[in-house]
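The following pair of complexes shares a single chain, chain A, combined with chain B in the former and chain C in the latter.
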Partner chain A sequence: MIRPIAILLSCLALTSCGVQQPPNEIVVQRFFGTCNAQYGTRTDVAAAEGECGIMTTLINKFSAENPDVRVRVSPVAWPGYNQLAAQLAAGDPPDLVTMHLSSIPDYQSRALIEPLGKDLRAVGVDPQGFTAASSAGVNIQGDVFGLPIDNWAPLWHINMNYFRQAGLVKDGKPILPRSPEELLEHARRFKAATGKPYLVQTLAIERASYARNLYTLLMQQNATIFPDPQHIHLQSPEAKRVVDLFRQIYVEDLTTKNLDYAASTNAFINGAGGVFIVGTWLIGDFEAESRRADRPLSNGYTVRPFPQLYAARDATYIDGHAWVMPAKERTPQQRDAVFRLLKFFADNDFEWSRTGHLPAYQAVIDSERFNALPHRREIAKLSATGMTLPASVQRQFPVADIVGEEMSAAITGHKTVDAALADAEHRINDLLFHVL
Partner chain B sequence: MTTQLASGAVGRGFGDRLILAATIALAIVMVIPMLWAVGLSLKTNQELLVDTQSVLKAPWTLINYYDILIGSGVFRWLLNSIIVSTGMSLGVLVLSSLAGYGFARLEFPGRNVIFVLVLFGLAIPEQAVILVRHQLFSDLDLHNTYAGLMLPGMSAPFGVFLMTQYFKAIPTEIDEAAMLDNASRFKIFWRVLLPMTLPAQATLGIFTFLHAWNDYWWPMVSGTNQQMYTLTVGIASTQQNFAESAGLGYLMAQAVFASLPVLIVYMFFQKYIVRAVSGAAT
Partner chain C sequence: MLYVAPFLCLYVILLVYPLFGGFWLSLHKADLFGGRRFVGFENFVRLSNDQVFLGAVGNTFYFILLTVPALAIIGLGLALALNRQTRTAAVLRGVFFSSSVLSVTIVTLLWKVVYAPEGGFVANLLEVFGRPPIPFLSSAELALPAIAITTIWWCIGLPMMLFLAALQQVPRELYEAAALDNAGRWKTLWNVTLPSIRRTFALVLIIEVVLQFQLFGQAYLMTQGGPNNASRPMVLFLFEVGFTRWDVGYAVAAGQILFGFIAIAAFAQYLVARRKEAF
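Now for the complex of A and B:
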């Protein structure tokens, strides 16, 4: 018995050795998956496709152009915040991390990420060049806490073949509703003409889509969603109007039901409805589908920003991705390498925008080559109309989850709209009270 | 009499057939999702984005498996999982056996109190202690090490409880007989009693191995360096965003791949596992 114990203890001692980070190495932690089989060593960014492909080739290209820097990429399962929190607690965070704009306040408020403004300017990245939406996401208390990578927003992906059938096309463009009443009227007309629901929605399992819709339509009514960083205001006529609208759409079968994210994506491609409300990232897939013959989307796909249903303001809830730099001690070489890499990403923002996401830089939005990409001209205005939640609001991910749960309960009839909004408000305020 | 026997035989035959039919039906219900996952893993992501029913039609491809083998550090993660699972299982067996013997056979002050304290561990969920545990391992600089991945699992109240009960069930006359033969206490434990607990050791070892193999949370927050990922964490990290629609084939291939080693272990050790599980149930 002594021998196995001794062997075990020896093994534990041997396996307790840590790994030191070389002085010229930076650790880049990101989501977007791995695709090394296809892009492992490739550096031709322009030929790469998709988030993973473009991100991988970008980093490969940087490494090839900067042989004095060693970039160690650490992919994490989306969104990777549990791992990051653990690393920060252990005092061993990576040098750069991908982060949603909506999550930056959680880390900035605890001084866990470093301000970047001064150093970005020093390497030639001017934060004034960020789009308004991107800038709002990374600017907190007068400094820049991340290099924005992109913005994304809920879009209306449209089956134009069905829209034509329903008489909802004019001059080759989709006729979109300009009020909640018009939305219902279009949806009823659409259903009568095609026999299909007007909306394809992700109503099962995923909660974020509910929150995006609610935030967007509250913003369009100029409603104050967060009167202060610790309180959400959902027991309002504006919020009730929005939830009532989606409840009505549900009750009249003007939407697909019980579909999760994958099923709703599948359903839209296979012609289950007219409008799929989902983010920027599927433009490429739907565009490719529209070029295939004899398919529901054949020569009949377009995409538009969320239509303005309320007169007060043209606005869409927007989020995005950014690079942030966790606070930790770095060698001058590592610090220099981090900012060279950030500068490289800033210079290559157009390549990233080929994923479907909106560029983070106004110059790219305005560029010919961006507007020459399929459908980008139609959604470019989001860089101005897109709105983030206030940067002072923390825990935006769990807040969206609660909003989604309660909206789902109200829309499917498990709760009254008033009760769901009251519960959402109470739960979120309780959450925010305890974290601040 | 003959008629009774015949009707009994017919009755038993019908009952058996009914049970068999129900078992087959349940087995099919259990197997279909797994077969569906295997089927999805044999289709390209592009095909599945358009239509998941295409799984029933040719062509099929191994491209997703090729991507896993070529495009990830899967062999490193596999090695890590084997080291962690095996190490943790051995550790649990050694510690639980020693502790179980101590609680069952030795008289020492506070034995019952300590045993109750150990049993409290059964009632404390991992989630309740993970923060302080993480901090402790951080202070000891044990994150991103095999020891860091293995040690938490070695504190196994269930193992101590199981082994204690097993040792208690062995008659003390056996110890006394060995003592009469001038055997030391350690020799009694090592040569006489421990071999008698092999069925319990097998049960405990298999359960611990499977738990360690499937564990995701602790390896995710402790082994944050990609070189220290276990299979579960590593495979999760390769998922692209919205993998459930845009990368469904790859996602399913990963699920199938991750289950293969355990499946192979099960195929080779099926007899022992069934015996261990039924032993645990009795």
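Now for the complex of A and C:
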């Protein structure tokens, strides 16, 4: 009798044990992909390309310069929040996590992440130096809850070769629409001249891009998206105008259809259309493609912020990435290591901005070397025109999921625009009402 | 009693306690991080009015209808065709079972390439015949059937093997007696083979209904439940509600309903199988 009970108790004891972390080890959990085959041991940050390459070499370099710290990197599939939620619920979170600015309120409101302001200042990182958009994303209730590393926004990536063919280039610059009517007119003219759709969009198995477009064009109309943190207002003439516009573009075949993210990215590279609406992170890839010979983008790529289609305000929905520190017990060594790593990232924000993202520091945006990077002058104004959703609105990721799902249904004709907006509003308000 | 005590303890801790704990949690408004408030049956009332959940229930039953009969019939057909002692049959048994060992990630990646409207296998095939591509995964009508085809390809190995095992248990004397009576192949199949493996048939149906009720990975990776909720199964719904929205009490309530459906289906088939056996 005693033996089986002893075995059972041993099993229970084993399952209740966590894996002990060495006192000088910090666990860094991030998205941005894995590229160990190419960058696993490299420390030459300036030679690295792309989000994954630059992130990996930055952490490698920090480890090489700080041999007393052991950094254990745990890459997660984008965005990694389900995994993080499970880790937090189990009481075993990492030491640092990449997080979208829009997600920080969810974790801050439950005291799952620690305020960083005082310790950041102590290691020489001044939160006053953050851009307005970055600062708005990490400042909650008077404290700083993350170290921002960038801002990103939906951009118009443009195939200038097709634009020239359609007569939409003046003085070497693309002619962009200034109203929804002009957008439709340009798109029709483009299609007549090139035989290609004006827009390349990710319309299949996608939610976030729909939400980014809607938020941007609602902000440009000065519409109130969230009258209060528990309610969204989507059954409005402004929202209907936006969805009707994208529906019209879809109906007239002025956009690519049925493409998921990977397919639409490849489609733009292979010359499937004129404008690819996607974020800052692909600038480097498209710029590299434009330098290749005999390709649809050869010497014919540029990028612009989302054009102002409504007169009320020049605005673009903006989000960003930050490092946050989950609340948990740490040794003094681990705490010191965390802030040394944060300081290292703050010092290397220019290197990170080579990904295409906008720097989180105004000084980097204003610097010569940032503005010398390809196309950065064209998009730098986003640091002033970029707008986040109110930080008081929780659950912004699942909210965007619902917006995207319902917008997709309306644009592709599975639902009427009115029904989709009503359903989106009802579902989101139900979600927000039930947030504890 | 003493002999089974260790197993019973683990069974109670790992299954019985979570079962009742789950039901108790479904009566609460609870989030993932410990916040909890008793709300009685409010979560179940919410579910009964939630069009997304009701759509997910409909999708789940439709998916079972698409996959379970096909898995049983194709599995049986393959087993009948490959139930022979030849090298070719042995190789083909391995080939048909091999898809079952792949992970859902690999399977869905493969089939996304097959279905892709731009340069996918089917799209290229259609192009040869001058036909436009079919948007399998972004069509409300085709998304779930496309996932069903993927699932049948992935899961066909298990029913085939179960049927093969059953066929090899059928006494040879029965076939010899049928041959002496000049019974044809169809008559032998209908009057000898199928009655002899009816228990296995019921087992395959029960296993497959239980498995297909739990559709998740394929829908999550291939369509994310879209378009317009057309391919969202119940498990994906409760995953999204629990892990993405953190509305854990609501997700667990949906889980209770899923558990009820699976229990009813399994019990109904068990009863039917028993009744047939009695005849």
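Worth pointing out:
One rule holds for everything that comes next: the second predicted complex is superposed on the first by the 417 of 436 C-alpha atoms of A that agree within 3 Å, B and C clash if a C-alpha of one lies under 4 Å from a C-alpha of the other, contacts with A are read in each partner's own complex, and residues count from 1 in each chain.
Here is the rule we go by: a contact is a pair of C-beta atoms (placed from the backbone, for glycine too) under 8 Å apart; a residue touches a chain by one contact, two chains touch by 3 or more.
Fair warning: this is a prediction, and the values are worked out from it, not measured in the lab.
Contact with chain C, but none with chain B, is seen for A:427 once the two complexes are overlaid on the shared chain.
In the superposed model, A:398 makes contact with chain C only, not with chain B. By the touch criterion defined above, A:112 lies against chain C but remains apart from chain B after alignment on the C-alpha atoms of chain A. By the touch criterion stated above, A:74 is placed in contact with chain B alone, chain C being left untouched.
For chain A, the partner touching the most residues, choosing from chain B and chain C, is B. Applying the stated contact rule after C-alpha superposition, one finds that A:31 touches chain B and leaves chain C untouched. After overlaying the two complexes on the shared chain, residue contacts for A:82 are found with chain B and with chain C alike. Applying the stated contact rule after C-alpha superposition, one finds that A:412 touches chain C and leaves chain B untouched.
Legend: residue contacts after superposition of the two complexes on their common chain; A:354 is shown touching neither chain B nor chain C. Shared contact residues on chain A (touching chain B in one structure, chain C in the other): 1, 4, 8, 82, 85-86, 89, 260, 266. Residues 49-52, 66-67, 70-72, 83, 87, 90-91, 94, 98, 134-135, 137-138, 141-148, 150-151, 186, 189-190, 194, 220-222, 224-227, 233, 236-248 of chain B are the ones touching chain A in the complex.
Interface residues of chain C facing chain A in the complex, by the touch rule stated above, are 2, 5-6, 9-10, 29-35, 37, 46, 51-52, 116-118, 133, 135, 137-138, 140, 222-230, 240, 243-247, 250.
On the side of chain A, the complex with chain C involves touching residues 1, 4, 7-8, 81-82, 85-86, 88-89, 106, 110, 112, 203-205, 207, 257-260, 263, 266-267, 395, 397-398, 401, 405, 408-409, 412, 414-415, 423, 427, 430-431, 434-436.
Contacts from chain A toward chain B in the complex involve residues 1, 4-5, 8, 11-13, 15-19, 31-38, 40, 50-52, 72-78, 82-83, 85-87, 89-92, 260-262, 265-266, 269-270, 281-282, 285, 289, 295.
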